[in-house]
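This is the structure, below, for whatever I ask next.
Letters A, B and C mark the chains in the order given here, with residues in each chain numbered from 1 onward.
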Amino acid sequence: MRAGFWRSAGLIALRDLRVELRSGEALTVVFPFAVVASWIAPLATNASPLLLRDLAAPVYWLITLLFGMMIVLRQTALETRAQRRALALTGLDPAARFAGRSGASGLVLAAVAGTLILPVIIFYDYRPPSGATLMAPVIILAAAGLAMLGTLAGDVTIGLRARTSLAPLLMAPLAVPLVMGAAQSLESLVAGKSIITWVLALVIADLGLAAAGVMSARALEEISL
Amino acid sequence: MKKRLLAVLTGVALGIGLVLAFTSPPDLLQGDFVRILYIHVPSAWLAFLAFGVTAAASIGWLFSRRMTWDRVAEASAETGVLFTAIALATGMIWGKPVWGTYWDWGDARLATTAMMFFVYLGYLALRRTTTDPRLRARRSSVLGAIAVVQVPLVYFSVKLWRTLHQGLTIRPDGIQMDGAMVSALLVNLAAYTLLYVTLLSYRTALARLEEATAAERIPVRSPVTVPRLGEADA
Amino acid sequence: MTRPSSTQPPSAGSPLVDLVDLSVSLSGTPVLSKCRLSLRPGESLGVAGPNGAGKSTLLAVVATFVTPTGGSGAVLGTPLGSPRIPAVRAEIGWSGHLPALYPDLTLGENLALSARLSGHPASRGQQVLAQVGLAGAAGIRAERCSNGMRRRADLARLLIGSPRLVLLDEPDAGLDQDAAPIIDHLIRRTIRRGGAVLCVSHDAAKLSGWVDRVVEMRDGRTT
């Protein structure tokens, strides 16, 4: 009778994307903030062109990680307790809710991460290596992983007042494989090596997170009601 | 009192371990710095053991919902954070003279230990902010279980990262040890394991007491009474 | 306060809600103590009591949101706290004191989401909105609606399917006179289909207008 897993997940993702489109928290608040951060970092150095070019990639990954967490934990993507209760009573599978919310956040995150390349090119005079388009799947995989990790961290800290600071604290150290996979893919491209090992590492990390999310969904739902 | 006997035994074992650590011969390459390892290696090993126990107890709670598991998970996490802090601090103190740097980015074990340290600091913060014992158990058991998925991933990704670059040459595992050194290390390992068990049993007992106090039967009494609006205004 | 249920024959069938000496503590503070409550198909029960008596918590327990810490309870034949509880949730309709609407979505989108998740076509959302007199408001975002409109839309959510157990928390709060019959309709429709209704309010007189039987609740106990 009730909607199946993928259909439910799709409906939840659609809901989150629609809310994001209307509230614009990720694209009109967090994104400009991230651009400001990427612009301000060179001010802390003596801005020698060579140093800046070396700094470009690390700054990019750091900003993507930090602001990515902000996007996943954005206020407008949070559900109120009444909303979560009403959702549970539709018979919604909590694993589908996890998939839908992570999917929507991942999409927004990938879009923001992709666009953030622009300020880095401008402010750091960064020159992307040849074959840089291969980074597209890498960014998508990393965004998906961050989104799942953030959704999990957000759900574990649901209803806590310290949530805005606690969730990133829980999330950041667990993001190591994602950051490393993404950053090292780029390094391999620069060195003219194959990136397949790192893409594979990202895929494994994503699968691990997806499994953790699906398996803990029921226990986390009980906290949220 | 079994716990007290355990505590006394632990004290004696730690004393013997310390004496052996100072009387064992200095290392050819590291000199007296090798003595730090008699603290560092056991702490690091116990940190991993403690977090392993936390993960197992978290999963145990998720399946059985018995509060004992949650108390063990908490006690082990707290003890683990303590041992991790000791391991990281002694590692850095040892690393500076021997490796020439406080932090070796190429060591996957170091990176994984640091990640666990941060994650379990968060774990303890998460527990502190939740007052309801059942909700606390639920939240922290999920985190405990997720963290254990990430540990091997972090380890292997750092390993992979550095095998593609160059590493350092002197590592603790590459050191040739003579008999007196091996026995000093083993005695310390045993002493620290005893210390872990002692701390775990005391902390678990404390958690049980805390919960018993919180659960004391208070009769339900609504704190809301009929407003008496005339009184103060008159 | 108890009105004999003369209008209804003693209902048969196993109880839809059965709480025996049920207790709940939240963060160590006891909120419910030794509650007893039984609801059979075709029954409607009101629980009245002052602020802080534990009415909303009782409703949250029956709605399977809060797991009891003592005693035992079963809802729709399934013991509370059992792993099979999620499977019965789709048969429960609940409206709390805050409407479960997404402020950035229109009323139509809100109801369509609930409808589609529970396996109905999106148009079902439009239908129930029309039923509660909000046909013309479907395109308005929930954040721009008045409290009363949100309230109506939240009750419309319970009309999408036909839940066997309907749980209402101060359902008329913020509703105008025109909207009052919605509650009556919702309750009678559920009873007619062999379901049961549990409604809590601080106003016992109002409750007795909606339901067959009213019990008093004080200091976490039902009387």
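Just so it is clear, contacts are C-beta pairs under 8 Å (C-beta built on N, C-alpha and C of every residue); 3 or more make two chains touch, one makes a residue touch a chain.
Everything numeric in this text was worked out from a predicted model, so none of it was measured.
Colleague: B-C versus A-C: which has more C-beta pairs touching?
Modeller: A-C
Colleague: Taking each chain's centre as the mean of its CA atoms, which one is farthest from the centre of subunit C?
Modeller: B
Colleague: Can you name the chain whose C-alpha mean lies closest to the mean of all the C-alpha atoms?
Modeller: A
Colleague: Between subunit A and subunit B, what's the gap in Å when you average each chain's C-alpha atoms?
Modeller: Their C-alpha centroids are separated by 29 Å.
Colleague: Centroid of subunit A to centroid of subunit C, CA atoms only: how many Å?
Modeller: One centre to the other, that is 37 Å.
Colleague: Can you work out the whole-Å distance between the CA centroids of subunit B and subunit C?
Modeller: Comparing mean C-alpha positions, subunit C is 47 Å from subunit B.
Colleague: So which bits of subunit C are touching at least two other chains?
Modeller: Answer for subunit C, listing residues that touch two or more other chains: 67.
Colleague: Multi-chain contacts in subunit A: which residues touch at least two other chains?
Modeller: Those would be 222.
Colleague: Among the residues of subunit B, which ones contact at least 2 other chains?
Modeller: none
Colleague: Inside the complex, what are the residues of subunit A that reach subunit B?
Modeller: Listed in rising order, the residues of subunit A that touch subunit B are 152, 156-157, 160-162, 166, 169-170, 172-174, 176-177, 180-181, 184, 197, 201, 204-205, 208-209, 211-212, 215-216, 219-220, 222-223.
Colleague: Please output the residues of subunit C touching subunit B within their complex, sorted ascending.
Modeller: 25-33, 50-54, 67, 69, 218-221
Colleague: Which residues, counting only subunit B, touch subunit C once they are in their complex?
Modeller: 131-134, 214-215, 217-224
Colleague: So in the complex, which bits of subunit A are touching subunit C?
Modeller: Residues in contact with subunit C: 1-3, 7-8, 11, 15, 18-19, 22-23, 76, 80-83, 85-92, 94, 218, 221-222, 225.
Colleague: Along subunit B, where are the residues that touch subunit A in the complex?
Modeller: Its residues touching subunit A are 62, 111, 114-115, 118-119, 121-123, 125-126, 129-130, 135, 138-139, 141-143, 145-147, 149-150, 153-154, 156-158, 160-161, 164.
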